[in-house]
Amino acid sequence: MSIIEQRSSLLLKRYQQIRAFSEQIVTPLKPEDYVIQSVTDVSPPKWHLAHTTWFFETFILIPYHGSYECFNETYDYLFNSYYETHGKPYPRHKRGLLSRPSVKEIIQYRTYVDENMVSFFDRCEEGILQEITPIMELGLQHEQQHQELLITDIKYNFSINPLNPVYHEKVAVSGSDLPDLEWHSFEEGIVETGHPGEGFSFDNERPVHKSWLDAYTLANRPVTNGEFINFVEDGGYQEPSYWLSEGWSNIKEAQWQAPLYWEKVDGNWYTFTLSGMKKVERNEPVTHISFFEADAFARWSGNRLPTETEWEYAMKQVTVKGNFADNRIFHPNFDYTSDNQMYKVFGDVWEWTSSPYTHYPRSKPLDGTLGEYNAKFMCNQMVLRGGSCATQSTHVRHTYRNFFHPDKRWQFSGIRLARNE
Amino acid sequence: MSIIEQRSSLLLKRYQQIRAFSEQIVTPLKPEDYVIQSVTDVSPPKWHLAHTTWFFETFILIPYHGSYECFNETYDYLFNSYYETHGKPYPRHKRGLLSRPSVKEIIQYRTYVDENMVSFFDRCEEGILQEITPIMELGLQHEQQHQELLITDIKYNFSINPLNPVYHEKVAVSGSDLPDLEWHSFEEGIVETGHPGEGFSFDNERPVHKSWLDAYTLANRPVTNGEFINFVEDGGYQEPSYWLSEGWSNIKEAQWQAPLYWEKVDGNWYTFTLSGMKKVERNEPVTHISFFEADAFARWSGNRLPTETEWEYAMKQVTVKGNFADNRIFHPNFDYTSDNQMYKVFGDVWEWTSSPYTHYPRSKPLDGTLGEYNAKFMCNQMVLRGGSCATQSTHVRHTYRNFFHPDKRWQFSGIRLARNE
Amino acid sequence: MSIIEQRSSLLLKRYQQIRAFSEQIVTPLKPEDYVIQSVTDVSPPKWHLAHTTWFFETFILIPYHGSYECFNETYDYLFNSYYETHGKPYPRHKRGLLSRPSVKEIIQYRTYVDENMVSFFDRCEEGILQEITPIMELGLQHEQQHQELLITDIKYNFSINPLNPVYHEKVAVSGSDLPDLEWHSFEEGIVETGHPGEGFSFDNERPVHKSWLDAYTLANRPVTNGEFINFVEDGGYQEPSYWLSEGWSNIKEAQWQAPLYWEKVDGNWYTFTLSGMKKVERNEPVTHISFFEADAFARWSGNRLPTETEWEYAMKQVTVKGNFADNRIFHPNFDYTSDNQMYKVFGDVWEWTSSPYTHYPRSKPLDGTLGEYNAKFMCNQMVLRGGSCATQSTHVRHTYRNFFHPDKRWQFSGIRLARNE
Amino acid sequence: MSIIEQRSSLLLKRYQQIRAFSEQIVTPLKPEDYVIQSVTDVSPPKWHLAHTTWFFETFILIPYHGSYECFNETYDYLFNSYYETHGKPYPRHKRGLLSRPSVKEIIQYRTYVDENMVSFFDRCEEGILQEITPIMELGLQHEQQHQELLITDIKYNFSINPLNPVYHEKVAVSGSDLPDLEWHSFEEGIVETGHPGEGFSFDNERPVHKSWLDAYTLANRPVTNGEFINFVEDGGYQEPSYWLSEGWSNIKEAQWQAPLYWEKVDGNWYTFTLSGMKKVERNEPVTHISFFEADAFARWSGNRLPTETEWEYAMKQVTVKGNFADNRIFHPNFDYTSDNQMYKVFGDVWEWTSSPYTHYPRSKPLDGTLGEYNAKFMCNQMVLRGGSCATQSTHVRHTYRNFFHPDKRWQFSGIRLARNE
């Protein structure tokens, strides 16, 4: 086997492994579950399965395969998510109105594309291989992002059903004592953050760039459900001084009184999970909160959220380990074992930062249509860091920037506090 | 077999036949097709299957069966359509957001209720039989109404899909020459309309009541596609003087330029059908038009729509025959054979009348919750008469009053003109 | 003075009297009060003053005057209310966004048109006089209609202001004992209603036409506040069985619990009037209710609303006398003196009928643009009869048909009950 | 005169001068012009006059005056803008629905408060004077901000009126040649920006803090209308790759094709100004554009917007001179005389930066209700720098941070380009 063949074969193998995980995630679903879109933010599971396939078809097979025949030409319209320079996409809020293609047809589409990928890799020349490798890598990272969305979207879709469907049976988890809240200090100075370019990173993580940081401290662990209940019970959702103006309007209009999925029954807080309703566990990290709630909690507690630079600089030495999607629990746990003094940095819950999502100095979006992947969303969104229980361990990095609008809470999002000395 | 047993057995047999037709209608569907609700007016096919079952469970089994055990208590919330005195129903516009119960579960629900109906009829005593017969009849008529909606809702759901799904293959139909437009005259006088009470009728058709009619004439056939194209091409949708004020706002806002499902390609009109796109057939009755369009067409043509009393009185002698759902074509045809001088009175297309839907003098809604069936909708809707290609022949009558809001057009609705002498 | 001159002079005099009343109505207003439109249904007072002037300019001066020069050409766009065949009108819901023309400019516009009307009448020839007389009459009736709207719109505009502005000081009114509720019977038969054509009538009142009426009875007086409070306190707004389906949705969404302008303070009902807040007077006719509320009240009370034919036939002998705008009280009173056994038939409150607003048999709208005056609104509205405390006595007739959507309640609208024998 | 008396007298004098300017701005208005709110973003002029008065009443007179009697207690509800910790404010989008208080009453309110301020300053003791001085200063800056809004809101209110009202006659302005576009370079390094605390600044400008800046260059002048027309004519509004995702949705939905107020007539661009419609002057700075348009223009031109730190650091040496509200032209001009090589840094148009509006490191909002002044808006808004032709010269500073949502364009907002070396 030549080096090219080996590289090609390894890439194909990763392709197949990652693609397979998408199908594992949807295994517990019934055909009907693939169709619905209970709110615009979420997409039907079958749409995710098709869209990730469309990505490889559009950016690999059609431009590079040579003799590829399109599976169905209308799919280019239906499964383009938001690439306006590629063509006008089917409206996002109407994804749940389409019964066809059926799940079976979408599985056929996946198989067809996967088979074409195999035949393509079989005879892929070095020049092409080099050219497509970053696109392949992007496609795989892209599929992993949609795997996280599959999990959070299925959860949301199930949550609004009065029949309380269960995705998988409760997984027994072992926990540990909650470590005391401690603050780690970092000195002022010029720091470098951002991705250096070795190995994969998204264009939005690059380049390495300098920032000045004043001295600051970071909490050793995320805020827990128990701590958040204190905020709720102290009237946190009724006191405007804790809230950003848009946050206050938001909670008043949406009548939020607690994190998403929480419900109070007979004085106890319960929460909807992929294993059904369960009691809120006080020592788990709080999750399914918006930036507005994270920010209000921080203000109430006399602290603040960290900037993304503070977060990244502080976490540079922390190993990427944690409660990830690899565990297939898909819920934060209360196991606080750690190699160092920082707990639950990666996995469990994404941590809202106080940083609006903007481009780094001298950053450059990818060329062409794939330049739309990240850059065009740099407005009105906030950065989150660290991955969650729905993220795969092979997907997240120290420099990884997730981003959502400040009112979104269907992701596994939580809080780590910061403060100035 | 006693008379009671015979009556009971006949009723059960009708029950089974009518129930079976619901399942025949959905046979061509894939599981995904049962889930969607592409607009609030339509309901997911699985909702129709469950709701009609809920009707028998709620109004027969629970009050009369004696030992009936509810299939699933949440269904009472999910599948109550609009009976507010029974309980707060699940919101109509969210029916398409629920993947569960699955189609399979709903089929189980149907089977379970059907089996309980069998055991119930097996030992139904005379007193009970008498009491439930009108409710059974209402439940069967109700299921037939939902069978019509199943057909029109599937059509709408399919129509908005860029993949143009086909429900069934095109059915070859034989046509005939279009009869010349002729006007049948009716003299002035006191007439009696409404249902006399023998055999089944809805409460809104009763009682027989007197009206004064001025002399009038009615067209011998419905308006055809060809005639409607003349209206379109004469600028009918651009000239406000033909339109009611709300109709004008409606067509301007919705940007209607032709009947629902019509599309002009290279100068020819095409229409979406349950067998896919096909060329508009000039001699077929025009259909899928709103009351606003029917009324505007009539004004443009120098005529008017008939009142429901004019329609009913004129059609008293016409046999209930026509192109009904029994044909399983589910599309109007251009076969103008008739026993008398009036063509296509029943079947093909519902005919909009100029009559707002109100109660007849001295009419009485049914007692209790079933009184909500018809009476509470007597506001802002218009009466249609005659049934359509999606109605069953055993369902419609001379006195039958269908009703829809004046802007609705997903039913097979058309026009028959009237004028004063 | 020739006969022509006399007729001309009389018509001009009526013109001047009626025009003057518009200005009397707005006398208590400050300039700012002329500008606002607190909800789409109401129009800014200055818009009413200009629109009624535009009517005479557009339908008399421009076509007939000969040498008339338009005051301002943009006014034709701004002050056309809804005559689509005349030209696209300025959007209704944006009338309150225009500060110009100022009140002063609109008064100048009125003066300018009025002066031109004088010079026009000075030299108006017989042929022209004959031709314009019905248009003049329509313009005067039109101005009277807007005078009623001026009153109800000012009331609504003031009502939403937390400063509770007062339009005029409370007028002392004398009342009388409430007559017992009695029912007047009418026999079945063919009746004739509609306007015979002598003297002015709108096109929607014509022609005289026959109807069959079953025997019925009508209440001798409108429903009172006291009676309506009984309905409210009996949970009328909480019980769906009293309500039409759209009425129920309406009251739930709008959170109505009582008539418009009512407020409960310390267990007592108060209502906003043009003289400020005052206690609800139990013996006054209930007013500011929607058709939905009138219909629900009737059902709750075991009765129904009359049809418009029943109302008109029954009231044929009743003199047009009552508490009209002529009194300048602009509020219903509790004075139940009457020449006959029917109380408060005219004036005080418009009485909702159960009749949807449709055209009479063989009715014909006016020719041309003025045909839009009434006919195009014959959809989704209900007929009211009898005039109110904001109507002028010279404006209303036995055959007069007012019409509003069933959810509207800013007019002085009330209830008279009917029932079958 | 003691020092206290002098300080007190000086402060009062400034108060009176600034207050007087509000009244000068509204001098050309008719009473009707004070009432309207043509879109939620703008407020009725009379609201601005009252709200700025409420500020002094609420934060000076009521807490410090001793014997102040409230002018009208309902005003506290009506004229509280957004201070939720003070009390629930009257809804912003309904400000234009209130005709009362009238302009006259609001002028009386202003006079009443002004007179009380005089009597308060007459006997204000040293301790109190010291305590209130920063609040007074804030109140005066606040009034100046509302003076800018008065100008931009009047402009917007007038712009939507088909009568094209004129606020003031065209002012003759002298221009100069357009300087060539040149780029000024700045070296990388740690810079300090933010306000040091001497003299007035808002809490959002403080404290001085360090940042690292990579080397960058800034354009010597704002983008002109001529340059923006090139973008428009190059299809800038049709090409998605120039736009942020939310910007693209925004321009498609709102159908924007050019800056606000622009209109193309016979091939020439015209723009609405406070002196009516005038031809777009190619050499004036482009204005009335959103952040989305500024950002898209920058991307189209191969450049970017500066960060607010880059802007502030670069402009440190530039004198605060320019075309300000002091000129009472209220429109950008094309006079490019300058003391240094940077043109039109202050005045003319606010310059959009690429910086989301967030708090500076270690910044602290004011205590109490006034802490809501700035901090709670730090979400989803972008920073603008430099002041405009509607800003007063005494109001703006190098460190001044203005902020608006990225889709807003009724302010005099423009573009200065930046790029990396």
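The first chain written gets the first letter, and so on, giving A, B, C and D; residue counts start at 1 in each chain.
Keep this in mind: a contact is a pair of C-beta atoms (placed from the backbone, for glycine too) under 8 Å apart; a residue touches a chain by one contact, two chains touch by 3 or more.
All of these numbers come straight from a predicted model, not from anything done at the bench.
Engineer: Common contacts of chain A and chain D?
Structural biologist: Per touch definition, common to chain A and chain D: zero chains.
Engineer: Please give the intersection of the contact partners of chain B with those of chain C.
Structural biologist: none
Engineer: Can you check how far apart chain A and chain C are, centre to centre, with Cα atoms defining each centre and the answer in Å?
Structural biologist: The mean C-alpha positions of chain A and chain C differ by 60 Å.
Engineer: Taking each chain's centre as its mean C-alpha position, how far apart are chain C and chain D in Å?
Structural biologist: That gives a centre separation of 47 Å.
Engineer: In chain C, what residues contact two or more other chains?
Structural biologist: Touching at least two other chains: none.
Engineer: Taking the top-of-page definition of touch, could you list the pairs of chains it picks out?
Structural biologist: Inter-chain contacts occur between A-B, A-D, B-C, C-D.
Engineer: For chain B, which residues count as touching chain C in their complex?
Structural biologist: For this pair, the touching residues of chain B are 82, 84-85, 190, 209-212, 214, 240-241, 243-248, 354-356, 358, 361-362, 371-372, 376-380, 406, 420.
Engineer: For a test of understanding, state which residues of chain D touch chain C in their complex under the given definition.
Structural biologist: 30-38, 46, 72, 74, 77-78, 90, 94, 96-104, 157, 160-163, 165
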